[in-house]
Amino acid sequence: MFSLTVNDHVMIAHSLPNEFFGPAQAMHGATLAVEATFSRENLDEHAVVLDIGEAMSLLDAALTPLRYANLDEHPDFRGRLSTTETVAQYIADRLADSLSDRPHIGIRVDLQENPRASVTYTVPDRP
Amino acid sequence: MFSLTVNDHVMIAHSLPNEFFGPAQAMHGATLAVEATFSRENLDEHAVVLDIGEAMSLLDAALTPLRYANLDEHPDFRGRLSTTETVAQYIADRLADSLSDRPHIGIRVDLQENPRASVTYTVPDRP
Amino acid sequence: MFSLTVNDHVMIAHSLPNEFFGPAQAMHGATLAVEATFSRENLDEHAVVLDIGEAMSLLDAALTPLRYANLDEHPDFRGRLSTTETVAQYIADRLADSLSDRPHIGIRVDLQENPRASVTYTVPDRP
Amino acid sequence: MFSLTVNDHVMIAHSLPNEFFGPAQAMHGATLAVEATFSRENLDEHAVVLDIGEAMSLLDAALTPLRYANLDEHPDFRGRLSTTETVAQYIADRLADSLSDRPHIGIRVDLQENPRASVTYTVPDRP
Amino acid sequence: MFSLTVNDHVMIAHSLPNEFFGPAQAMHGATLAVEATFSRENLDEHAVVLDIGEAMSLLDAALTPLRYANLDEHPDFRGRLSTTETVAQYIADRLADSLSDRPHIGIRVDLQENPRASVTYTVPDRP
Amino acid sequence: MFSLTVNDHVMIAHSLPNEFFGPAQAMHGATLAVEATFSRENLDEHAVVLDIGEAMSLLDAALTPLRYANLDEHPDFRGRLSTTETVAQYIADRLADSLSDRPHIGIRVDLQENPRASVTYTVPDRP
């Protein structure tokens, strides 16, 4: 099993309007350091998991709607809590869409939201 | 699959009294940088794996017996080699105890003992 | 010359309403990973620059007004661009205030705003 | 499940002579920061996955042919593209050879080729 | 005193043909993780040291001749040992050239050549 | 001005027997991640600050008395509080001794004692 991981980041604002979140109910923000991991059983004909340049372009495209965004006003997060977990799944689903023609490539997204906490979402096996 | 990772650290003294351990047989110490990872299939009703504050509190509680401790004199390590692997399992088992009412949450503990070496222990699936 | 550095973080929202800032004019946010460095010529009677616990408390107190804050609505940033540089100076000035009785201790603040960029502010020598 | 990770690095030169690789077709180089992870179900009689010193020696031996090497002229990479993925597999296979008497130990190699990209290879279960 | 640091990287091949360098006399390579630090006494009218985007563009331009380069064949290193120190000075001098109209901005370059070693070059005060 | 930084680590036990140190009065330990920085105005005839191998050897020699040591029983720390600051100065002074024939080389030692705190000691200019 091989995997390739590339990274990038986005800087977003949001609030988490539920008393469960304590002080994070207020409008605040985060730098989300993003890692996207692509995995597959065997390498392609160029002996790579994916071209690094393509991997970075895919991640950049997946992150575009989030760059300098206020998630409270973002149509894709309407009616949803924009927790880091939700954002990780959102990014991973966008990566899965752009790799819909290559379902043998596994996808995982890691988001470090601050130096003390990070989350991961792994896309289920695709048919 | 989602996971949440939070981190903390403890500073312990111990010796490893078996010639297998060479110079580490002597009384020495370590800063153990600890990562606790909680994983589950689906998010809870607040769209998180676990509240970050609760995750940090659980980890803090699991680490309390180890803070500024001399493991050679620690009742929980009596008659056992306090290797980093053993300490990782100890912390993970304490986390599992505190999450005994939520067996669907997976638990893994990573301990970085120095810049060149780290260990991981994953709690087996709980019934 | 000795120095002690401790770290913490805050998660803020803000906008930078000047076309100079391009896409960062929009409401967005940042995790600011903060390092505070305290320096002095000679150690104190306990052979330290400052007690680590006190250093962390000082930094925590300096950061309190910024935790989960929207700087666009923050009274301390009214009429000012809340650039990372400005925030670094704000934190450092608060540290200097809390150390006004110890002017021989130098103060520097480093803010990492994302994995690609950080800023530093060093408080001038205090009389 | 327990694992132990140790790290080291090598500095290699190579080219990737296929237009697929764009500017990386030219002779260039890389510092490969290497992590080797050893995993097993249960600890050994000394309560470790593997002695850290032995783990580092095994990794050092696996890396020896790569230190300050030009992979374009390296007999082990003749006729192959020396992508980071290929190098990861090469290192892991060497580790597997040196642990051929201990097939219950799992092996994974991570190579960070630059601050933005890394690859992983996991050795399949060994009989 | 304020400073801004941005980072990037280049992947180069070279040899160090002098017996002083032992095994590094052979053709090998390095990923050079580069930090460029810009410093000044006071912030500009936008309350920054330098626009981050401009700082990254300046660094990118300074690094362009080094990307995927074989320094042994590079005209700018003809007749010179391309040690990490020399490369740091080369990058810093290019940054100084591009900031020749702003001599009040100090320039420092840090190069991490591997996880165990890094070098720094600080440009002298400019007239 | 040029500098070279190399790193290593030691794992020590100690206590800080003064009520000032709160829970750190107990026997505990630390992994001290050590950075040694050597600086000079101009490069030597091989275009380096110092040979990296020599720098690492010097640091290794300076750290030898501390490896797997219990500082409470260490003759060099008799009657002294072995704070991180004191240990930093101890290492730096040993480096200065081994470079007594090269007083134009500046010396600084950074010790990271845990993920939240580090200290630095800079050797004064040597005659």
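By written order: A, B, C, D, E and F. Residues from 1 in each chain.
Just so we're on the same page, a residue touches a chain if its C-beta (ideal position, glycine included) is under 8 Å from a C-beta of that chain, and two chains touch if they have at least 3 such contacts.
Computed from a predicted model, the values in this text were never measured in an experiment.
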| item | value |
| --- | --- |
| Co-neighbours of chain D and chain A - touch as defined | B |
| Label of the chain whose CA centroid is most distant from the centroid of chain A | F |
| Superposition of chain B upon chain E: rotation angle, C-alpha, nearest 5 degrees | 180 |
| Farthest chain relative to chain E (centres taken as mean CA coordinates) | B |
| Shared interface numbering between chain E and chain C [over half = same, under half = different] | different |
| Centre-to-centre distance between chain D and chain C (centres being mean Cα positions), rounded to whole Å | 41 |
| Rounded Å distance, chain B centre to chain F centre (Cα mean) | 29 |
| Euclidean distance of C-alpha centroids - chain D vs chain F, Å | 32 |
| Contacts with 2+ other chains: residues of chain B | 7, 115-116 |
| Graph class of chain-chain contacts, one of line, ring, star, complete, other | other |
| Pairs of chains found to touch, sorted by chain label | A-B, A-C, A-D, B-D, B-F, C-E, C-F, D-E, E-F |
| Touching residues on chain B, where the partner in the complex is chain F | 7, 9, 11-14, 23-24, 26-31, 33, 67-70, 113-116 |
| In the complex with chain F, residue positions of chain E that touch it | 18, 20-22, 80-81, 83-86, 88-89, 115-122, 124 |
| Partner chain D, residues of chain A touching it in the complex | 1-8, 39, 43, 46-49, 51-53, 55-56 |
